[in-house]
Amino acid sequence: MDMDDTSEQQQVAFAMHTFERIHHTEFQRRFLSQNTRHDGRAFSQFRATHVTKGTVSTAQGSSTVRIGNTTVVCGIKAEVSEPDVKTPNEGYLVTNVELSPMCSARFRPGAPSDEAQVASEHIHRLFGKAVDLATLCIESGQAVWSLSADIVCLKYDGNILDTAILALVAALEDLRLPEAQLDSATGVVSADRTIARQLTLRKRLFPATFALVDTYLVADADDAEEQLATTSVLVVLDDSGRLANIWKRGACPVSNETIHQCIESAVERAETISKTL
Amino acid sequence: MPRPDRRENDQIRALHSILGLLNRVDGSAQFSAGSTSVYCGVYGPVDVKVYDEKLDRAVIEVKFRPAAGVSGTKDRWVESAVRGTFEREILAQMHPRTLIQINIQAREDDGSADAAAINATTMALVDAGVPLRDMVAAASCAVLADGAAVVDPTLEEAAAAQSVHTFAFAGSDIGRAGSGGASGSTSPVYVDSRGDFSVADYDRCYDLCLRSAQRVLAFMRTAIEGKIAKESQISVV
Amino acid sequence: MSANIFDRRRVNGPPRSVEPLYTDEGDVKPFTNGGRADGRSLDQLRPIFIKTGPLAVQPTFSPTAPSGSAYYEQGKIRISCAVYGPRQGRKSNPRMGSFDCDFQYAPFSCSWKRRPHIKGADEKEIALILEQAMAPAIRLEAYPKACIDAFVTVIESDGKFATISAAINCISAALADAGIELYDIVAACSMSLNASQWVSDCNQAEEDVSQCSLFVSRMPSADEITYLLQQGKTMPDQTDRAVQTCSNSCARVYAVLSRYLQASMEQPAS
């Protein structure tokens, strides 16, 4: 497919992929200025989302989520530990996002990049209130469940936050905690997996990320669009329609009106995903 | 219901700042709101590693260290918030192939620490003479369990709150809103609202923070003008 | 080891945590009366599923996407691999390219303890094994000064030797998907010795009760073994027999791999 660069009456024709590599910004603008996106979506359109629960049998709770090409697997392992002295009745939910070179050449091998650390921290804080940590108590002050939720990205094509949040919600719903008892004489906690209970989530979270590409606000930016977007808005709703998070970060200011529009789009998105989850 | 420190709901804590307190860096500031206190030191523009350098603009690096303990993912989060806020406000195109390094050290955290970090950074950047598009003023607000919205929450208030909101605005935006513009036309540079809240709560906090940011900006201006006046022995009107 | 290393680049949990003592285990024995718990015969392999290329259609060319990728399942084993290259490498050998492999277990992939994020010695050892098993099959002289990187993540593991074999098969598929020139596809298979009988493709429960485990990785068309690893004691003739049987199993894995790769080529390119 050829695209003519007609800006200065030059008769140079580029193959589409070449033009995209050489002048990525202009390539995206050609679509955005025509009110569409390079993959044919509308500005407010999210990619196809698929959620599957229970995909990893070695984890106590797991899920695989795909938004477009971005694929993540979330696995939750339950271990036993002593509670914090300040909160003797509360267990732990520790969330980490893994962005390795396997999913994209953007990430270097070795220690987690700043992006991965920020994503881990944000999601960890977001879910702090989603699970009632008191339900993770085995024996007050002595033994509690410690849930390690690890979100591993298999393929990266933008919008890791939405995918990771959905994966964690699905994995938490899939989680089956065995009945556990503490033997105070030996200090050993024993558990029976045949009697497993589901964890009740205080609230399910439905995320929606919007990115400012050039001057256009688009929903669910993929990798190509994310490279040009310095600014993004994340809106997270819970199942009662209340907000759990609005996070606008990045260089360009976004008007308050636009943020309200994002909230409205996020409400629609929440309705759609709640049927998939 | 009265607040523990007897402040009004829309009253921010006493602000205090010192400019140019560190003598090795290009610019520095300490910003305090009540007990929350943050230092910021700015180097810039300085040499940058060839691997990191950008040909058309300065590289902006932010480092945040907590008051106690080893820095971890929490601090990376604050760094990304500050970097995102200032990446556009700093006129980086004026200094290509250099580095502007912002070092923030938390001294004490009694709530609204993110806002204090952003405010301290603004003042340190001005002190360093780094060209800025605009000054950035930040403010926090919390919605308590009884539905009351209080600005500049302390750590205790924030921990018990239903939701906590932090906003940062550019100076020109604050000025426009102050002179009668609708808050819908303002564009926040940074927004972080977390907890369990409704759109109405968000709007209430937005307005409260906008007004608080006006006061913070006025304070920063006074502090900077005072320093310049002292240094040059002339009065700035 | 119940102490959790404090990793300042990750969100950390409590400093010590352990698996509880599960009281529901121990009743199901993996081998009973000469039969296997999952109903397979002694030389029957677990069903294999492979998906190469992106999981959905890529609408545009992306410079950061891997050159080739594969998702491999064998029974409960799930492995994902991405191959980058040939691309500029750190080592610049003017005569031939280099092949590097990075291997890691996902923290939730093993049925026993949760794995820490920081790579352990066994992950580094397996990465070396994979490099040595795959390198002979790649035409590295065709890529001077370049490097080919393979990144393998185990999403779910079921038998250490079976997982290593599966990883080799997965990398083979990913290399083929990337269009890297190969002398042959490398196919691997594992076996374990239980009560003087060699059993093919053992899962974790079966490997745990076996005296010896081994795996063979082989280029069937060239009839060459690229890697052979044994753990445990046997008599020399037992190992001989095992290698023979395992090589036949490799041929069967090879047939499956070829079929999947052919099918993916025949799919219309989008």
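Just so it is clear, A, B and C label the chains in written order, and each chain counts residues from 1 on its own.
The rule we apply is simple: a residue touches a chain if its C-beta (ideal position, glycine included) is under 8 Å from a C-beta of that chain, and two chains touch if they have at least 3 such contacts.
The UniProt protein names, listed by chain, are A = Ribosomal RNA-processing protein 43; B = Exosome non-catalytic core subunit rrp46; C = 3'-5'-exoribonuclease.
The structure presented is a predicted model; accordingly, all values stated were derived computationally and were not measured.
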Could you let me know which interface, B-C or A-C, is made of more C-beta pairs in contact?
-> A-C
Nearest chain to the global Cα centroid?
-> A
Approximately how many whole Å separate the CA-defined centres of chain A and chain C?
-> 28
Centre to centre, by mean C-alpha position, how many angstrom separate chain B and chain C?
-> 50
Two or more other chains in contact with one residue: find those residues in chain A.
-> 117, 120-121, 124
Shared-contact residues (touching 2 or more other chains) in chain C = 9-12
In chain B, which residues are in touch with two or more of the other chains?
-> 73
Note: in the complex, chain A contacts chain C through residues 16-17, 20-21, 38-40, 48, 55-59, 62, 66, 68-69, 71, 73, 75-77, 79-84, 92, 94-96, 98, 100-106, 109, 111-112, 117, 120-121, 124, 146, 148, 150, 152, 154-157, 178, 180, 188-194, 223-224
Taking the complex as given, what residues does chain C use to touch chain B?
-> 6, 8-12
Could you pull out which chain C residues touch chain A in their complex?
-> 9-14, 16-24, 54-56, 58-66, 69, 71, 76, 78, 80-82, 84, 102, 104, 106-111, 113-114, 117, 149, 151-153, 155-158
Inside the complex, what are the residues of chain B that reach chain C?
-> 70-73
If you look only at chain B, which of its residues touch chain A in the complex?
-> 73-74, 76-77, 79-81, 84-85, 87-88, 170, 173, 183-199, 202, 206
